[in-house]
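Letters are used for the chains, namely A, B, C and D, taken in the order the chains are written, and counting of residues starts over at 1 for each.
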Amino acid sequence: MMILMLTKSDVTNILDVIIKIIEDNRQYLTDLDAAIGDADHGINLDRGFKAVRDKMTQFLDKDIGTILKNVGMVLVSTVGGASGPLYGTFFMRMGNAVSGKSVLDENDIVAMFEAGLSGIKERGKAQFGDKTMIDAMEPALNELKKALSEGRNLKEAIGAAANAAYNGVLMTKDIAAKKGRASYLGERSIGHQDPGATSAYLMIKTVADYVDKLQQ
Amino acid sequence: MKKLINNPEEVVKEMVTGLLYAYPTYLKKLDNVDVVVRKTSPVEGKVGLVSGGGSGHEPAHAGYVGKGMLDAACLGAVFTSPTPDQIYEAIKAVDGGKGVLLIIKNYTGDVMNFEMAKEMAEMDGIKVSEVIVNDDVAVENSTYTQGRRGIAGTVFVHKIAGAKAEEGAELEEVKEVAEKVIKNLRSMGMAFTPCTVPAAGKPSFTLDEDEIEIGIGIHGEPGTHREKIKSAKEIVAELMDKIVADLPFNDADEVALMVNGLGATPLSELFIANKEVNEYLVGKNINVYKTFVGEYMTSLEMSGFSITLLKLDEELKALLDASADTPAFKQL
Amino acid sequence: MKKLINNPEEVVKEMVTGLLYAYPTYLKKLDNVDVVVRKTSPVEGKVGLVSGGGSGHEPAHAGYVGKGMLDAACLGAVFTSPTPDQIYEAIKAVDGGKGVLLIIKNYTGDVMNFEMAKEMAEMDGIKVSEVIVNDDVAVENSTYTQGRRGIAGTVFVHKIAGAKAEEGAELEEVKEVAEKVIKNLRSMGMAFTPCTVPAAGKPSFTLDEDEIEIGIGIHGEPGTHREKIKSAKEIVAELMDKIVADLPFNDADEVALMVNGLGATPLSELFIANKEVNEYLVGKNINVYKTFVGEYMTSLEMSGFSITLLKLDEELKALLDASADTPAFKQL
Amino acid sequence: MMILMLTKSDVTNILDVIIKIIEDNRQYLTDLDAAIGDADHGINLDRGFKAVRDKMTQFLDKDIGTILKNVGMVLVSTVGGASGPLYGTFFMRMGNAVSGKSVLDENDIVAMFEAGLSGIKERGKAQFGDKTMIDAMEPALNELKKALSEGRNLKEAIGAAANAAYNGVLMTKDIAAKKGRASYLGERSIGHQDPGATSAYLMIKTVADYVDKLQQ
């Protein structure tokens, strides 16, 4: 049995694709935010990930943990708004969880995702069902852990996680926001998809697609 | 989108440049971050006041940096809260040895970014306190939400905490008076038209030719509900009913009043609204001690306005009356 | 038409009521006419300054009534000059024994109405002089027209003549310095969108989504020509080329600069324009002594702006720097 | 031969119709002004003539001269803009010209029109061809005088004057304004009909129509 591991270049490749995906979805995410927020989520993330692209060479020679921590710090200092500290914390905590590593196994991946998500929850004090990015992330993490514990391989598990994230995004349409700017809309936020959950899904889906194409 | 700009991505940077050209005797900019501080910063022996938020609310917040009000304003991207590194630099630049008070409007993003900066500055040994402004009565408070938004009433917090700090008060005292203001502060707004974030390139929502949006925020985000257009008197009554009931304001209370334009509403219309507010308050026997009519906290080119009432006591009156000299708020 | 009003016919009356509610310590209204004068009028031993014009230009002109600027503002219907009886009452109310100076913007209607009032007051034995402001370089001067329009630069005439009068100068001296300002004053404006006179109920002209109007006046009247929208830098250069060439302004001249919003243009965009104006002036080696960015003379909710340059000498600098305390213009 | 004379009640009847005609054309005159001015001519005149209607009873018992002078004073103090002093002066001067009279003959009518028009010219310093109300008034006055000198009766003469006024209005379309707010437009004012000339024509036409219906 061959075990799938993610190398440093896999991680940076994935980051490259995420930067691209956010750029492509800048308008889409902004339009989602216009409906229930302040029309800037795509603009914010795109500004942040473009800054990551610009600064990447400064820390590309470091280990995966340091790279992710630096990505987080760049996001914190360039994104602003709610998503800046949240995604920033997410990447910083992920980096912390895999500090010093140059290759990641299943356990590392679970551990870092777990650390990142709890960072978001600490910082934003939201929970599943509040119509935030957590509604995509938490089902994804749960599904990832479940699939792996059922003995499915990483490709399958991450694929299942991405599907769970997608369902989480769809769910945000049916509920009222309890955290973030959309919460001020109350019931009027129902019927609209959460922009942060959508961006979180796009990132998870990027990882799944990348892993899926890897030679095992 | 017809705007007097060069490039949607450069709006904040170029605005800051224009701001510094306009007020060279009042303001200076910190290196590498969009933070504007008093020319004389740090003011030794004075608590430093730092506020800020997304851009697009001009003259807030940079217009209130100066004697008797703020020491620093952190400018985020349009409608996007500033980042922790900006705020951290602001704190360091204005700490005159007596600590720094952060005046934060209650938005998830603002609160998180300011608090991250506070943690960073505290690690440097700077005393930092914060107050969170939440004057908007449009949104019902509930345990499920994160409390109310901070809107135009924030300017009264700047003014009064600023006057207190200027007197040489301690950080704890400045914070206390800021909190007293916040406790006695209520606002609500409405819009006739939406606004367009330059980088987004189109309005964040649309309204029919006869529709208005009640309970609007200051970031182009939708309000609580829509209605058919009605008269200034009726609109004012709808906002005032919610504002006055909320604190509540009582018979013979004295208040400071702000009728704040959101961007495109002419001053003449704000004065008509002011007439209606005053007549409404006469009916409730609430006394207006001082009135501010104008554009204090805007939402780009949105057409609409907000009303703010601040219940006053003798301390607040004296601090409100204290002189101030900033680009956008001058009082002799 | 979505406006924060009760009744298009009552706009001026209700606005004045709201104005008086807002500034009870600054202003009072004359009986039966829409004229607003200083609370302390007449000021004994001081030349009285009377200005005014159509309404819809707020804060002009009532916002400039106060210490260091005007003594009275006559408010006409929206975009319509006030009538002789109003102006006559204003003159009588502010004459403190030293005579009265009328500051008139150069429009047929304004000039005729003010001059009729002047004749009436002179019959009462009051000394009355007048100056006519014509700062708009958009319209080519020619023997066939009645000279140029008066626009935002008028505020500098109020400020400087006001400061001179406050010093106790004689009518002739106040008039002289006002004329010096006018001689050294040049302005030009442009618009992104038209505005709607409340009683008319629809915009006075229309512009396509990508069209701008160059050389706009302040009454919703069309400008000199239309163009496709372009960048702030290009728009500023077009206006500045005409302004700077006109006086002309020369190497090492010192100027006061006003970047004036016409109503709906956000302050952030005015600051971007201010950056461009300053960079343009650096290129010409013209020095900006003092800058004013904001809404000083508007055109209801029109989106657009104007630029004004005033060439200064030592006398004008000192008078521009003198303190002023009016509802809309405060200087410590 | 019967001679047509205008009595005091003819004059006040004509004033009543003028008030009505201005009210009916408020929007039309304002739209004309929007094209080359500041969109208020109809609003201005309507405000003024409504004030005349309101105050009329205060001077209805006076002679024609006093009535017209008072109309002029009301217009001066309520219309504002350029047209206020001009029409105000026009009516005041007309009143002056027929001071004390309670009935007007041909000569009175010519004299008062002549006095009114020269008042306008003095006050506004404009002349025929400047694209103002004078372009309707001056041809009308000339035609009135010419027709009477040719021996035509007052009905015919005033009818001819109204026609001349109308042609004057049409002429304003073809020329550039040299006075008033429209002059700032320069060549751009060509192609647009002058609002003040139009309101002047409407008033002259009102007189012509009234006189035409009188029993001779």
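Convention: a contact is a pair of C-beta atoms (placed from the backbone, for glycine too) under 8 Å apart; a residue touches a chain by one contact, two chains touch by 3 or more.
The model shown is predicted, which means the values in this text are computed figures rather than measured ones.
Spacing of chain C relative to chain D, judged by their CA centroids, is 33 angstrom. Mean C-alpha positions place chain A and chain D at a centre distance of 77 Å. Remark: chain B and chain C have CA centroids separated by 29 Å (rounded to whole angstrom).
Chain B and chain D have Cα centroids lying 55 Å from one another. Touching of two or more other chains is recorded for no residue of chain C. Among the residues of chain A, none is in touch with two or more other chains.
Chain contacts here run in a simple line, from one end chain through to the other with no loop closing.
Checking each pair of chains for touch leaves A-B, B-C, C-D.
If you check the complex, the residues on chain A that touch chain B are 30, 34-40, 43-44, 47, 76-86, 123-125, 178-181, 183-186, 188. Touching chain D in their complex are the following residues of chain C: 54, 76-86, 107-109, 112-113, 116, 138-140, 144-146, 149, 197, 199-200, 204-205, 217, 219-222, 224-225.
Those residues of chain B lying in contact with chain C across their complex are 2-7, 11, 14-19, 21-23, 55-56, 58-59, 63, 192-193, 209-210, 212, 229, 231-233, 235, 259, 263-276, 278, 288, 291-293, 295, 298, 300-301, 303, 305, 323, 325, 330-332.
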